[in-house]
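In the two complexes below, chain A is the common chain; its partner is chain B in one and chain C in the other.
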Partner chain A sequence: MSDSNSSFISNQVSNPPPGQVSGSTDASQRQQSYNNANRDEAILSIRSLYKSYYDASILQDINLDINSGDFLVLVGPSGCGKSTLLSCIGGLTDVTSGEIYCKGKDISQLDPAKRDIAMVFQSYALFPNMTVAQNIGFGLEVRKVPAAKRTKKIQQVAEILHLEPLLDRTPAQLSGGQRQRVAMGRALVRDPTLFLFDEPLSNLDAKLRLTMRTEIKHLHQRLGGTMVYVTHDQVEAMTLASKIVVLNQGVIQQFGTPDEVYKRPANTFVAEFMGSPAMNLMQAKVLVEAGDLKIQIQREDEPPIIFSEPAATDALRAFANRSVIVGLRPESISDLPARDPQRSHSVDCRIDYLEGIGSDVYATLKIAGGDVVSRLHGDSSVRAGDRQQLHFDLSNISYFDPSSQLRI
Partner chain B sequence: MRSLIGAKQQKWLLLAPALTVLALISFVPFVKTLWLSFSDSEISALPTVVSFIGLENYIYALTDPDFILSLGRTLYFTFVSVGAEVILGVAVALLLNQQFRGRTLMRALIILPWAIPTIVNAVTWRLIYNPDYGALNSLLMQLGIIGEYRSWLGDPDVAMNMVILADVWKNFPLVAYVALAALQTVPMDMLNAARLEGANAWRRFYKITLPWIIGPLLVIIVLRSVEAFRVFDIIYVMTRGGPANQTKTASFYVYQEYFSYLRSGSGSSYAIIVALISIILIYGYYKAAKRQNGSL
Partner chain C sequence: MHSTIKRPRYLSYLLYSSLILLAFFVLAPVAWLLLMSLSSPTDLTKVPLQWIPSQWDFSRYAQLLDGHNGSGERFLAAMLNSLIIATSATVIALFAGVLAAYAFSRRNASMLLMFAFLATIMMPPVTYILPLYSAFSDLGILNTKVALIICYCAMLIPFAIWLMKTNIDVLPEEIEQAAMIEGAGTLYTLRKVVLPIILPAIGATAMLSFLTAWDEFFYALIFSSDLSAKTIPVAIADFSAGRVTDFGVIASVGVLASLPPVIVALFFQRFIVSGLVGGSVKG
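Right after this comes the complex of A and B.
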């Protein structure tokens, strides 16, 4: 066995280089089969969208479809291009090439005013010289909606957002949360085809952020509406989204439901980006014993972890006698046995250090120099340095190709 | 812990040096002028007896039709030149706020007219307007707009407007710079929000951008109005109040009364009247600015 096969890589797994990542988009494109039928049914379809400033490529080959009522969250690290993509959809940024369809109509060259899209900005972008009512009614006024109808609509929206007592105030007289609601009111009142949210909660304090998150979720459930929401906060993404796009370096890493993205990350980048603490990534070797597939994770000064993989796919079988990256979420390494005893594997481990968060305790173990985080029950009495029997729940195990970093 | 002197005293203490200088260069001459305006003082090589004559100078000034006319001309000069400077300045600022190649160079170039001393600017424009070899005549002739060379500063009907043109050219960059600085603080998100709400460029300007920059603009309008109201140098160089007194402004009138006719008492009363009108102007704009801020 070579060194590279046995070494532990955990969090040291390098992010997939862009070249390899674009391979993954090709693959996911084939899966999604972006055809015209989807395009005409979808509220929003993006086809081969590219955006570059001079030589810098910001977005590469973006393809996605979302349907009426979808809550799409664009998530990724800073500078991944998520805000640029949102800006392209809204028409505030020109696209370099590619098309954006809204209800089957190509809007990529259309003026923002004509796209029937409303946007909520991180800075709220309220008009300081207008009252709350004037802010909410601005779009209606521009569209020459008669005053009586306008007042009625403003009242309705104010009621939904609990803004009635504030209608005559100016933005300067409002708190952050109230301003945020006015910004949402301005979007809601027009009943647009598509709502865009650009990190709307980033300027709020932690507690208010949670409240507003719930409020947005409720609003969406109550009013329907199709949303595209940008955030760098993966918890926000998981809780709000019906679909998630994970972006990195301008390339879609994965497009799927929150469940898919969380449980079946398309590559090591998604595995590490989504979820907190991140998914544990461990270098392992695929062994074949009497036709059965076994996974071996080498440890330093301790016997290796070996478990059988009865649900091995053909793709994983192709890695026989080669190394793979095993991905396990912290909650899949626990002091409690897994729900499915068939997929539970017990390992005796030494706990290095502990971080209690009340409901749970995160225990970090070292395996050949790398850190692996496990989630123990909050009542666990284990102490740093103790040995503990940990149960590996293999039902949601992920395997990645070490060379391409893609999911096997 | 409480400091030895209160916050209020501290403010006055800190203001004291500036107030002292201000008193010496502004308050003392003002009091002197005020005193002269109630006297029959004249500038003379010989010692003269100066006596207090009450409001006589003021009554004379306010019943002098020529002085009233000059006040009217000054107001005309102020409103037209400041109005044109603001419109041109804001328009240029909006252009300079766009993304284009060579923007930095253009921003630097645009300040040049303002950087030139007024006297030089006035002489330059006098040459441009020259009835025999001026560039304006030549240009308009070649464009076929005029049939023969004209004496722009010699024609009582147009002379004032020609002086105003020279003044606008000189002073619009200042307005443009202030407007440009203010424009750069307009949040991009706000303009984008207005765009998505369907507002066209004109509506975005007068509903969003203009209310945002109106504060700084009002400040520069006040400054320029006060300056324009006491216009003197450009008139002195270009027309000396002519032709037929058509460009004779209030300050020029004061100058003539004081230094040409040497009636320092009477001239002082003219000066005080001009100063009072300036104060009314400032107060008016101050109120306007305050109201504007209140609505923000």
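Right after this comes the complex of A and C.
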């Protein structure tokens, strides 16, 4: 997108009216889904939660339900309120209004100690004066679990997390990854209703982060447990989550499975936030020719890209002869033909510049006045300035309303 | 650890001579006190002064540590009073100070209240003497240890709160939050998590509080009149107030009176090591 376009979009998305953010069709579904029956079934339900500090509104009208065994990831840019939401669930921050139900019971006014929740902090927050074993066993000791049983549980957890040789050390004697594991052990040992993770991997180096990410995923698959996980890293969100909440400026932008969020972003904010490189957003016009819907994308000094949209919904038809924003992921603009030839459209493009990452080459080109990133095969021999036949895979194309920024 | 940084030679000379000068300033009075306490009265009154005693005289120490004669009895009673009063005041001040500091630091207790506490120790003690005297008199606790313990607590608590608060403020709050999430109440968290971490600060506060209470003279002078409450600074003053002043005795009392604070300092020094928080959170 050009600068003018992206600022236009972010201005629009910055404060979408609450309740409409998930798109008009999703909104009505959501109204239905947040009834009391769900609330009693779900492990964690949040109902119209608001949080503000003085005049600043941090969270607005948060509603969500997750079931037993879900891995919910709260994702969003810095300052979007995701950590505050986690903190509200954990009871470390008071809510301004709204309810939090855990197993059907309202816990929003309950002391954190009584919520049966375990939390892994970004800074690990280990007790520096205790050994690893004492750190892990702290929650059990508080609950006056007999020493023999305590030792046994600590041993079990230490085994799962490969901490056995470290049990007698103090946190100061551990590496970052080991501290991270101890913090997780402290959470695991109690078998709580809900696990909260506050950006647990952000203090680790890139390689360790990958290892720990896999380990967390394995732990979740092995031990079950319901998790709420905060991260600003959308790759972490995609890989770990069974459900994702995308937050921006305290408002839920979208709540869905990773697949839904990635393939059917609810608005341009989600489209640009999830995925790396971001989804390409292009200004386009909806044309009707002999009953067929065609999408036209203008290019500078080159013929416009025009393709037909056989799968047009009524909502898209309503935009006939008006502007829309077309969203296509970089992998949908490739030098290789699309899987479904019916939904493939080939365009001759001039490549402006290239970024190779080994497995793929990202080629940037100008379309509709903005930069568009396409993903080429890693062996592509194309060079900057070359012309290249690119295949637009339209099977996962997204359309957004330019005025509301919502998905059509 | 040995420093490997090279510095110019003249700088080293300057540093060491400053150090020697400082050591002389600090140690000379103590050395002179010790010499005085061991010199015979004739050496002390000789003109010109006999710096190094012609003979070592330990008789005053024997006299002071013997509870069966007048000065020994006075001295030992004052020592005991001072120990009881300073220790009680320190323990109470620390207990109240830590709890109050936690309230100010973590439970949003009003800062106005804390500044009000601190303001009380900004006032010269003499302003409190009259109201305190009449209050203690009405309560019938004039010339008791309790009166002095109350006075010293009033002096020490604001100071202890302030010191402990600055130390709790810098602790990462997540450690306490982790304890609470794990199910611990405030007192449990304080006892098992916060206190062990701020032990060095508690040690330092205890030491400073004890010294302040041990050395206090003004309140002790006004509120005590006999051996039941007199503290060591008042006792020293008494020794010099007689018709014939034996400087040797005063010096001996001084030496003995400074021993408990020195022992306290040596004991607490072990706690005053930094870096205890290391490893709890990513630094």
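The definition used in the following text is that the second predicted complex is superposed on the first by the 376 of 408 C-alpha atoms of A that agree within 3 Å, B and C clash if a C-alpha of one lies under 4 Å from a C-alpha of the other, contacts with A are read in each partner's own complex, and residues count from 1 in each chain.
Just so we're on the same page, a contact is a pair of C-beta atoms (placed from the backbone, for glycine too) under 8 Å apart; a residue touches a chain by one contact, two chains touch by 3 or more.
In this text the structure is predicted, and so the values were computed from the model without any measurement.
Taken together in the superposed arrangement on chain A, chain B and chain C clash. Legend: residue contacts after superposition of the two complexes on their common chain; A:203 is shown touching chain C, with no touch to chain B. Counting the residues of chain A that each partner touches, chain B and chain C differ, and the larger count belongs to C. In the superposition on chain A, A:119 makes contact with both chain B and chain C. In the superposition on chain A, contact of A:362 is made with neither chain B nor chain C.
Contact with chain C, but none with chain B, is seen for A:173 once the two complexes are overlaid on the shared chain. The contact surfaces that chain B and chain C form on chain A in the two complexes overlap at residues 90-92, 112-115, 117-119, 121-129, 138-139, 142-143, 170, 172, 186, 190.
Residue ranges of chain C in contact with chain A, taken from their complex: 172, 174-175, 177-185, 188, 192-193, 196-197, 276-282. Contact residues of chain A toward chain C in the complex are 90-92, 111-115, 117-119, 121-129, 138-139, 142-143, 170-174, 176, 179, 186, 190, 203.
Note for the complex: chain A touches chain B at residues 90-92, 112-115, 117-119, 121-129, 138-139, 142-143, 170, 172, 186, 190.
Residues 187, 189-190, 192-200, 203, 207-208, 211-212, 295-296 of chain B are the ones that touch chain A when the two sit in their complex.
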